[in-house]
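Please go over the structures that come below.
Two complexes come next, and they have one chain in common, chain A, joined by chain B in the first and chain C in the second.
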Partner chain A sequence: MRHLLPLLVAVPLLGAALLACVGRVVPRAFAEAVGCAVSAGTAALAVVLLLDASPPLVEWAGGWEPVAGHSVGIVLVGDGPGLGMAALVSLLTPAALAYSWRSFDAPPRGNAGSFPALVLLFQAGMCGFAIAGDLFNAFVWFELMSVVAYALTGHRVEEARAVQGALTFAVVNSLGAYALLMGIALLYARTGELAMAEIGRELDAYGPPDALVLAGFVLVLTGLLVKAAAVPFHFWLPDAHAVAPTPVCMLLSGVMVELGVFGVWRVLGTVFSGPGGLPAADVERALMVLGALTAAIGALMCWYQRHIKRLLAYSTIAHTGLFLLGIGTLTLEGDDGVALYVVGHAGVKAALFACTGILLDRFGSVDEHVLHGRARPLRGVAVLFTAGALGLAGLPPFGTALGKSVTEEAVGGPLTVVYVLASAVTAGAVLRVAARVFLGLGPRPQEAAGDEGAYETTGSGEEPETRQPLSRVPDTMTAVPAVLLAGALAAGAVPGFADAVARAMSEATTAGLVQTSVHWTPVGVALGLVSTLLAVGLAAVAVVRPKLLAPPARALPLRRLQSGHVGDYVAWLLVGTTVLGVLALPAVLTG
Partner chain B sequence: MNPRTRLWLVATGGAGLAALLVAACLRLPRFGGDRHPYGDRAVHASLERHTANTVASVNFDQRAFDTLGEMTILFAAVLGCVVLLRQTRDEHRAHPEPADVARPVRRYALLVLPVALLTGLYVVAHGQLSPGGGFQGGVVAATALHVLYLGADYRALERVRPVGAYEVGDALATSAYLVTGVAGLIGGTAFLANTLLPYGTFNTLSSGGTVPLLNAAVGMEVACAVVVLLAGFLDQAVEIVDEGEDDDRAGDGHHHEERGK
Partner chain C sequence: MTAVPHVLPYLVAVWVFLAGAYGLATSRNLIHAVGCLSVCQAATYVLLLAVGYRDGATAPVFSDVEPGTRPVVDPVVQALALTDVVVGATVTALLLALVVQVAKRHGTVDPDELTELRG
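Here is the complex of A and B:
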């Protein structure tokens, strides 16, 4: 079974090569069918491997098994979390392709294969990253998914905004990748190893951490946190999500950003967890501070948006913060919770983007204010959108709710408030959109005058992604979000799923020695209900009394940080790296 | 953010990062040390499989899975460029005019072209024996074709460079690498395992098992990819003009420097 692990990368790559080969001569339906079939086949493979991942599968590419404990080859790790992420990626990819089936106007004309080929390459890169057990190999797949993501984001080159969003994305993420590569180089210089577990072992053999280990830690984490869109590395994400085609947004927000968090978790557990790595207290401090900051800023900025795609993008940032807080506990319970949370979030967030795409294709706008009451006829979409919002809030029995409650228990204390508030505010913003756009509740929002309005990205005047605005919503475009939401619901409701996740996490981190039990608790359910009620309350107040919760003038400096100027974002990236270094500095000073 | 604030942020962040890097570099192993755990193992493994160039052995055998990723990054970047640099709805294509080239330039170019092409192919073919290989040789071969643009004009280049065919070549070369990998899985022990072919005689062209095959696949992929990539950018500069823009922008097919201003 373990020999099949590299096929998770090879199969979508072969599909992409085939599509690039015949893409100019085959009809569009054929290219799309091949894309869906190959990505779904990879998904089936990932699920089969996942079911066989206990004990974890370890494969040496090229058959370079270790001799006397050392290998020159590349190790692939098919444990529960890695294969789980690969399966999540591979299930979401056919969903995104099915969503764009026949409706998405995928230029260039006469090259029908290019869009599905790029999506398959994206899938291959993400799968490769998920199962990488070698730090340099992880970097290679990290780069592949980045390169494809830039191209997919800028897909609609006719619009200047799309080009700018993709360029910002490319500049910031490439700098993150350089940081990652530099960190790998430092660790390699010290240890002479590239496999993550081997690096960890050699670091332990060397002695307590010094400046080199600290720099390696900071640089590697910078790269991964840029991908995870943690504050202050997050600025690229809203700009990219606002312009990327909807199926691409589903993948970016649903799994790619989460892979950054997954990478952080993987690296912390394998490279830096021993006595030669960084002390737990320092890692915890760094992740807790960045996580709380990310959750707070993400939630606040989410509330202030009227461009629905940007709003959802900020909600992803807020949730990244919550994930970072969870893995920042460095406990098995925290990992269990985040794993469940990520699965639930992927379904919910992708579904919300899918619904927003329908609005864009039907009305040529994603502006909450312009769309006021216009989507009344779309009852089915309204139900899906609202269900997605409730899932985001953490309404039991969604997978998000179970994941959130387990993580809340793991972090404990005052940080629980961060979870309740961040999920309530982001879900409240989505519910507010639902109430205004689908139900036409409340007064029609007035345009802000003067200085404030100039800084706002409204989301009106966008081009539909279909050839002409839809008069009727195709069944695929509503079926996909429905299935995704059902999946998110199943992640929390299907008995045994949570236990399977907990078992997989335990086997991956403690070789199954420490067992945790993951289940609904009365407190968890109560907190989920509190978040949901709070979200509904916030949305109700915002709709009925818009002035009460409108962005105050003192929030303007915060909003202006998202300036669209790539130089600003690079400056923040540098600051973020330094902050990370300062947060983890005590490790070296005391050690 | 005003430029002043931005400068402050860059200075603060940059200073922190610089301090971190300097502190880390002071802790690097000394230059000229004799401890090379990976290098020793890699040379040993390379000699065991009769691959004279250890770098090629690392690239196409020991860490061939990384190379798969690297070649697909190029493949994806080229596909992405083809998509992004397409002729959009508000652009149209102008035909480049024939260009006058000074006779010595033309003669020199026609002389250099075959030599450069042959050099590229040589570098690819000897990748497993001497420095070089698919990546380097592919770039040399691809740029050799573009000497025609300097020696003649854009239309001459277009004649030897049907972009569609090179796109297919790019995809086929990538498939060839993957198929070799899968063959290793089916017929051998693991994906990309170099156990199918005899390792041959040390320091001959056919030595190293699948190393020459993967090397050739990468050479073809890189050559095709660079041709397609340059074609995309040259098309934007020479042929594709905005709607309403005067056709004389297309001029003699040599005006791309002008556009770069």
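Here is the complex of A and C:
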């Protein structure tokens, strides 16, 4: 079975190559059918491997196995979390492709295969990253998925905003990737190994961490946190997500950002967890501080948006902060919770983006104020959008709710408040949009005179992704979010799923020695209900009395940070690297 | 051997990376910014090659060197650097294509004048 692991990458790569070759001569329907078939086939393979991932599958590509403890080969690791991420990626990709059938007219009209080919390449990169057991290979897959993501974000090259967002995305992420590579080089210099588990072993053999290990840690984490969009590395994300085509947004927010968190978890667990890595207290401090900051800023900025895609992008940032807090506990319970949370969040967030795409194609705008009351006829979409918002808040029995309650329990103490508030504020913002756009509740937001120069991005400059605005909503565009929401619901409601996740995490981190049990608790359900009620309350107040919760002048400096200027974002990246170094510095001073 | 020659390549790598990042942060022209990103990447080449360097060693090509007769530099980092070059070429090409589109759609390549996405 383990020999099939490389196929997770090879199948979508070959599919992409095929589509790129024949894309010019085949009709669009054929190209998209091939794209869907290949990505769904990969998904089936990922699920089959996942069911067989106990004990974890380890494949040395080409049979280059380690000799006397030293390796020159490339290792692929198919354990529960890795294959789980690959399966999540591979299940979301066909959903995005199916959504794009009717919603999205890819611009190069001559080449029907280019968009599905790029999506398949994206899938290959993400699957490769998920199962990489070799640090340098993880970098290569990181770059592959990044480069394809830049191209997909700027796919509509005719649009001014799209190319600007893609350029910002590309510069910041590439710089992060180079930091990651420098960190890998430093770790290789110390250990002479590239496979993650071997690096960890050699570091432990060398002795307590010194400045070089700290530098390697900081640089590697910088690269991964840029991908995970942790504050202050997050600035590229709203700009990229606001302009990317909707099917691409579903993949970016649903799984790519989460892969950054997964990378952090993987590196912490296999490379830096031993006595030669960083002490747990320092890692915990770094992740807790960055995670709490990310959740707070993401939630606050989410509340202030009127561009719906941007609002959802900030909610992704807030949730990334919650994921980082969860893995920052460095406990198995925290990992279990985050794994479930990521699965639930992927379904909910992709469904919300899909619903927003319907608004864009139907009305040619994604601006909350402009769309006020205009989407009243779209009852089905309204139900889906509201259900997505409730899932985001963590209403039981969504998978997000179960994941959140398990993580809250692992984090414990005052940080529980961060979970409740961040999920309530982001879900409240989405519910506010639902109430205004789909129900037309509350007064119509007035544009103050001279408001054109306000420091914000409106959603009215967006072009529909179809050639002409849709007169009615195609079935695929509503079926896809419905299926995704059902998946998110099943992740929390199907008995046994949570236990399977817990078993897989335990096997990957402790070789199955420590067993955890994951289940609904009264406290968790109560906190989920509190978040949901809080979200509904916030949305109600915002709709009925818009002045009360409007962004105060005090918030302007925070908004000004998101300047759209790529130079500022690079400067923030360097600041973030420094902060990370300072937070982890005690590891070396005391050691 | 003193310590300085051994540390020097690492200091150069750090300096090159920071110089590129400074250029990116203060750039007034997107083509210049893409160049600065390549400078940052050049730092990774320097670092990788410095990691694999050995005093008195030769290139790891065994067509005319009997294996085991004399030291060679680490071939792994050279393979990594080569992969890195390929990645860099892709990124630079894509970025320059995006800059061309930015110039067409916005009529400028000055990042200070791109004000559509903010807040």
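Note that the second predicted complex is superposed on the first by the 583 of 591 C-alpha atoms of A that agree within 3 Å, B and C clash if a C-alpha of one lies under 4 Å from a C-alpha of the other, contacts with A are read in each partner's own complex, and residues count from 1 in each chain.
Everything below uses one rule, namely that contacts are C-beta pairs under 8 Å (C-beta built on N, C-alpha and C of every residue); 3 or more make two chains touch, one makes a residue touch a chain.
A quick note: this is a predicted structure, and the numbers were derived from the prediction, not measured.
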### Message
Is A:E143 touching anything from chain B or chain C once the two structures are fitted on A? First, second, both or neither.
### Response
both
### Query
A:L13 contacts which: chain B (first), chain C (second), both, neither?
first
### Message
In the overlaid three-chain picture, which partner chain does A:A500 touch, first (chain B) or second (chain C), both, or neither?
### Response
neither
### Message
For A:G216, using the defined touch cut-off, is the partner it touches chain B, chain C, both, or neither? Pick first, second, both or neither.
### Response
first
### Task
Please work out whether A:V72 is in contact with chain B alone, chain C alone, both, or neither, and reply first, second, both or neither.
both
### Task
Applying the touch criterion given at the start, work out whether A:L574 contacts chain B, chain C, both or neither, answering first, second, both or neither.
both
### Task
Look at the residues of chain A and decide whether chain B or chain C touches more of them.
B
### Message
Let me test your reading of the model: by the given contact rule, A:A40 touches which partner, first (chain B), second (chain C), both or neither?
### Response
neither
### Query
After lining up the shared chain so the two structures overlap, which partner does A:A482 touch, if you call chain B first and chain C second: first, second, both or neither?
neither
### Touching partner for A:H565 - first (chain B), second (chain C), both, neither
both
### Query
What part of chain A is shared between its chain B contacts and its chain C contacts?
72, 136, 140, 143, 147, 150-151, 154, 157-158, 166, 182, 186, 188-189, 194, 560, 563, 565, 567-568, 570-571, 573-574
### Task
Using the touch definition up top, name the residues of chain C that touch chain A in the complex.
13, 17, 21, 24-27, 30, 33-34, 37, 40-41, 43-44, 47-48, 51, 76-77, 80, 83-84, 87, 90-91, 94-95, 98-99, 101-102, 105-106, 111-112, 114-119
### Summary
Per the touch rule, the chain A residues reaching chain B in their complex are 3-7, 9-10, 13-14, 16-18, 20-21, 24, 59-64, 70, 72-74, 76, 107-108, 111, 114-115, 117-118, 121, 124-125, 128, 136-137, 140-141, 143-144, 147-148, 150-152, 154-155, 157-158, 166, 182, 186, 188-194, 210-212, 214-216, 218, 560-561, 563, 565, 567-568, 570-579, 581-582
### Message
Which stretch or stretches of chain A touch chain C in the complex?
### Response
72, 136, 140, 143, 147, 150-151, 154, 157-161, 163-168, 170-171, 174-175, 177-178, 181-182, 185-186, 188-189, 194, 238-239, 242-243, 304, 454-457, 461, 559-560, 562-568, 570-571, 573-574
### Query
Taking the complex as given, what residues does chain B use to touch chain A?
1, 6, 9-10, 12-17, 20-21, 23-24, 26-29, 35-39, 41-42, 45, 58, 61-66, 68-70, 72-73, 75-77, 79-84, 86-90, 164, 167-168, 170-172, 174-175, 178-179, 181-182, 184-185, 188-195
